[in-house]
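Look for chain A in each of the two complexes below; its partner is chain B in the first and chain C in the second.
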Partner chain A sequence: MNIEKRYIRKGSLEKLFEIIKSDSRTVVGPSARNDKISFKKIEKYSEITADYIQTTQSAKETAFPRTEKILDYSKNSDGISVIGTDLNEIPEIVLWGVRPCDTIGAGELSAIFNWDYRDEIYNNRKSHIAVLGFSCSKADEYCFCTSVGGNPGSTEGSDILFTRAGDDGDYLAEIMTEKGLQIASLAPDLFEKDGNVDKSGYLAKVPVKFDREQVREKLEKLFESGMWVDQSLKCLGCGACAYVCPTCACFDIQDEAHGRSGSRIRCWDSCGFSIFTLHTSGHNPREVQSQRWRQRIMHKFSYMPDRLAVYGCTGCGRCSRACPADMNILEQLISIQEAIV
Partner chain B sequence: MDDLIKRAKELLESSRVKVVIGYENGTDGKTRALFAEKPGDADNLVFNSRCIMNLAAYVTKKEIRNKGKMALIATLPVMRAVIQLASEYQVNDDNLLVLGITPESKLIEFKDLAEVEKFVHQFQIEIDSRNKEMLDKIEKMTPSERWDFWIQELSPCFKCYACRAACPMCYCSRCTVDFNQPQWIPVPSHELGNLEWHIMRAIHLAGRCIDCDACYNACPLAIPLNLLTKRMLQDARENFGGYQPSLKADHLMSTFKPEDKDNFIL
Partner chain C sequence: MTDNIYMPYLMKVEKITWEAPGVKTFMLKFVNDEDQVNFSFKAGQFGEYSVYGAGESTFCIASSPTRKGYIECTFRQTGKVTNALANCEEGSVIGFRGPYGNIFPIDEWKGKNLLFIAGGIALPPMRCVIWNALDIRENFRDVTIIYGARSVKDLVYKYELEEWQRRKDIKLITTVDPGGEAPDWRGEIGFVPTIVEKAAPSSQNTVAIVCGPPVMIKYTFPVLAKLGFADENIYTTLENRMKCGFGKCGRCNVGKVYVCKDGPVFTLAQLKELPDEY
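What follows is the complex of A and B.
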């Protein structure tokens, strides 16, 4: 349920950006580099890419950085001293230009980081992020948000959702939260009244390709299926899918020691890697790629809904776009739904 | 195309090979690997200019090798990879048959790897003009500019290791980065971790990289990491008479010749 519907002129977006910047907030938004569009810190409005279907990486790095120091330690004659992360140093970030399949992903990530333990650093980062979502007016054959509970104009996870809703390029602004209201209050003149526009006609058409409940039910009977071997034969065993995914949250803890002091670092990890489950004994419970691929699908479409009441996939299609072997997850999910058990 | 499908079917029907590794149509105009095990599977084989993945990355995978003798549809870079792999005892005439595709897109079936080698040796490995230009640009930089260039280019790397996974030469069952006692290369993808990983990767490919660009094509972030290996190829040409994969195990970087230059020793 949105708090307010407003209207913002196309040309006013740049002014909004400037006002947010002058409020000493960090703006992170989509920007092109080496022909790839990624989220990065934006200094000038012109760095923002507006015309894109999807960024290569998700926006999760703002709340869950790929590499994050969680503590420093040092040993001296008095013993050991440990200094944790200074939560006061966490910056205020405005995430600009996030697609609905990414804003929804933040909810799924939060479910993981608050499952049996409330992750203080993650939650703090998350609470300092204001999300300015932008609806999709275009989709490609990798997109499947509508098959996993989303849609190209979903407001879920956005503090304000902008939808291009007018032939002259103006935007409907759906202000969803207190945080959104606070952003809008920085520039009250820019948010015009009368936001009663029907946005549905301006959204991308993303046909429903499968039913995730059916996939979940099928998976319960497919653990021992030979289909995992067939599906994963071309998988090269890299971690690209996990690292571009908005909901993959697995991490590794590394200690980097320099003599008597050092740091503990949390960094992304991926279930696609053979060493992910390698035991000290040398035994590996997931010793072949088919078992790792099965884990990826099971985790997102069976274990997460079982344990966290959320699915681990938003249909953004990033994993399929990033895969060097073209493991198209949509095709695989359809074949799981159609599998004869 | 038709003769490719026909030949793949014959090989599978006669059980001369157990699997034909080729390309099929993938998503969004891309192609991807196809593993044809039954003659009917071969109907999906395609070959066109979009078949850029180096399929030699699959011939060292246990899951594929366990199927039995493999036939590999191989363009020139794939053939080069096969010869390098053969010289490292990873493939041989007993487990691999090469169905070559010439630069003119003609099918050419090789009796054995020696014939593949002969074919491969008709061509020099040439660095394309765009990358050559880039190498020249980097060469002209001062050391500190070059340092900044690489720190900048490598900074997006999140260590998904797609470059390693797609590289036909990266077949080690356990990569140096996966060792943690001791931890040779830092795991985090911070500045030092990324730098050490990419230097280590490039150095392990010295005198082995066949310049297929599989690493670059696989990189989801389009990091130009292939410039490192291309530069090594240039150095090999200037200092050691050039690199050409060969069945003889006289590897460029591990074989000393009295006439080798030593002007790189400071």
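What follows is the complex of A and C.
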């Protein structure tokens, strides 16, 4: 569909929120708790935090929950009964206030979940989410979206993208999809015509730091490089980077038994963990942390583009902000680009 | 099946065979007839076997696709799931997802000699293709099987080894590691690579299929090279840790190659293209 540009006045966002809520949709948005901003279910508009650079966790949890039930089983005298997750029970969610680096990340997750086998649990969740993206007017030194194909005002993955245009708190609303149109049609009066503002002046400035194509080309020759050891010397293998990443999709499958019944669950995992690839025999193809760090970078900047035609990084910078050992992926990627092979 | 790609088939444990210490074979039949009708697989493929409450574990389908109506798996009791499997009884119901992965290109082997080389618990992934070949025996020329284990008691499928020994259209060589022999042992004594070298099978018009522990594989490949086998004619399987079986959970890859999707069957020529991370 054609992009519709509208204008939404200061104060109208709250009205939009109320109308969406009264349409019995769940709204998930960024909310501050102490010094952390996280996505949570929003009951009152005042719970939403608009003034933030980045949430601690990405928004991926709405489509790919940290733990998700695959099936329930119960054992009885007749044998066993197994019931798969009821896809009809997946709620309609309006995801409010997502940054472009997360909306783009959803596309990268989709590539993984639909590679050959289609993961309908993920697809169903995703199809029930309407994404209201909010452009970035601020960035910090960890942000590098412009080096990986994004930008602070990217509409990719948003059903409606709001960009704060002007100092008086008015927003440009770019309605990108049918889903976005549907949301806008709940409150047609709020979306005023004449949204013909140039948003670029209102966006954060994020300088380009490297070229991902060049990083990809370099990686082809760097598998055996000693740089992986240097880069990962500080790595604790805690997996925090994977948990905050909007595109990390690695998971584990485990059973949780409660007496004679229980569930099989899929839960987030990380290639940074030492047991991630450990065989039962004790053999481990990735024995040391440098191999695991290499896997992380290679997967995102070499294997995914090769196999799935997408990169696995949106430049949100969360992994660097979250790293307890202060590893900085931006610095690492720059040094890969500059590596002499 | 449902849209839920993680939903296993329900399988009934029809028969349990004790193979060796800690090693059992399950014959599994589909609980729902419809699943049985719709199910098909090819030699080399694997699946996720699960005990509800304990979890899933990955291993090959050890029976031949030519034998319809059931599948078999052989496992060694080592971890949480295989211990739970070992506690199952005949009549127990377990889960199975699959088949996943690529296949042994048995159709391309028509008219060739087949050389199977296996060590220890790695005979099961090969048994599938051995029986597949034996059930269409006329398609192949000489069939040679070299199988070794640590000791006599560790040899699996002993009843089938006897059958293969008796058959005139198979050359079977069994061996046990030095010190692993029993008083009445009439097979070879020595490590598999040594026995392969001694048997010196011809590489002319022959494909070799090699499955075994890493150390056996490592020392068998050079012997085959010495015998004149081209890397393209040597097949093996990789067995990395997996969770999903279909390229999403992110742990079985060796470089760009996903063992669950691009494998588990690889030629030595393909293995040599991979980074050393398996």
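One rule holds for everything that comes next: the second predicted complex is superposed on the first by the 339 of 341 C-alpha atoms of A that agree within 3 Å, B and C clash if a C-alpha of one lies under 4 Å from a C-alpha of the other, contacts with A are read in each partner's own complex, and residues count from 1 in each chain.
Here is the rule we go by: a contact is a pair of C-beta atoms (placed from the backbone, for glycine too) under 8 Å apart; a residue touches a chain by one contact, two chains touch by 3 or more.
As the structure is a prediction and not an experimental result, all values here were calculated from the model.
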*asked:* Looking at the superposed three-chain arrangement on chain A, would you call chain B and chain C a clash or a fit?
replied: fit
*Touched partner set for A:142, first chain B, second chain C, both or neither*: first
*Should A:281 be classified as contacting the first partner (chain B), the second (chain C), both, or neither?*
second
*Look at A:204 in the shared chain and tell me whether it touches chain B only, chain C only, both, or neither; answer first, second, both or neither.*
neither
*asked:* How many degrees, to the nearest 10, separate the directions from chain A's C-alpha centre towards those of chain B and chain C?
replied: 80
_In the overlaid three-chain picture, which partner chain does A:252 touch, first (chain B) or second (chain C), both, or neither?_
both
*Look at A:70 in the shared chain and tell me whether it touches chain B only, chain C only, both, or neither; answer first, second, both or neither.*
second
_Just to confirm the value: shortest Cα separation between chain B and chain C in the superposed three-chain model, in whole Å._
5
*Starting from the residues of chain A touching chain B, keep only those that also touch chain C in the other complex, and list them.*
252, 254
*asked:* Taking the touch rule as given, give the residues of chain B at its contact with chain A in the complex, in rising order.
replied: 26-28, 30-33, 35, 53, 57-58, 62-64, 156, 158-162, 164-166, 174, 178, 183, 186-190, 193, 217-218, 220-224
_Considering only the defined contacts, which chain A positions touch chain C in the complex?_
70-71, 73, 75, 79-80, 82, 84-85, 87, 112-113, 115-121, 223-224, 249-255, 257, 262, 264, 266, 269, 271, 276-281, 283, 285-286, 291, 295, 298-299, 302-303, 306-307
_chain C residues touching chain A - in the complex, by the definition given at the top_ = 2-8, 10, 31, 50, 52-56, 78-79, 82, 93, 95, 213-214, 239-241, 243-244, 246-256, 258, 261, 275, 277-278
*Tell me, which parts of chain A touch chain B in their complex?*
33-36, 38, 56-57, 66-67, 140-142, 229, 233-234, 236-240, 242-244, 252, 254, 256, 265, 267-268, 270, 273-275, 288-290, 320-322, 324-326, 328, 331
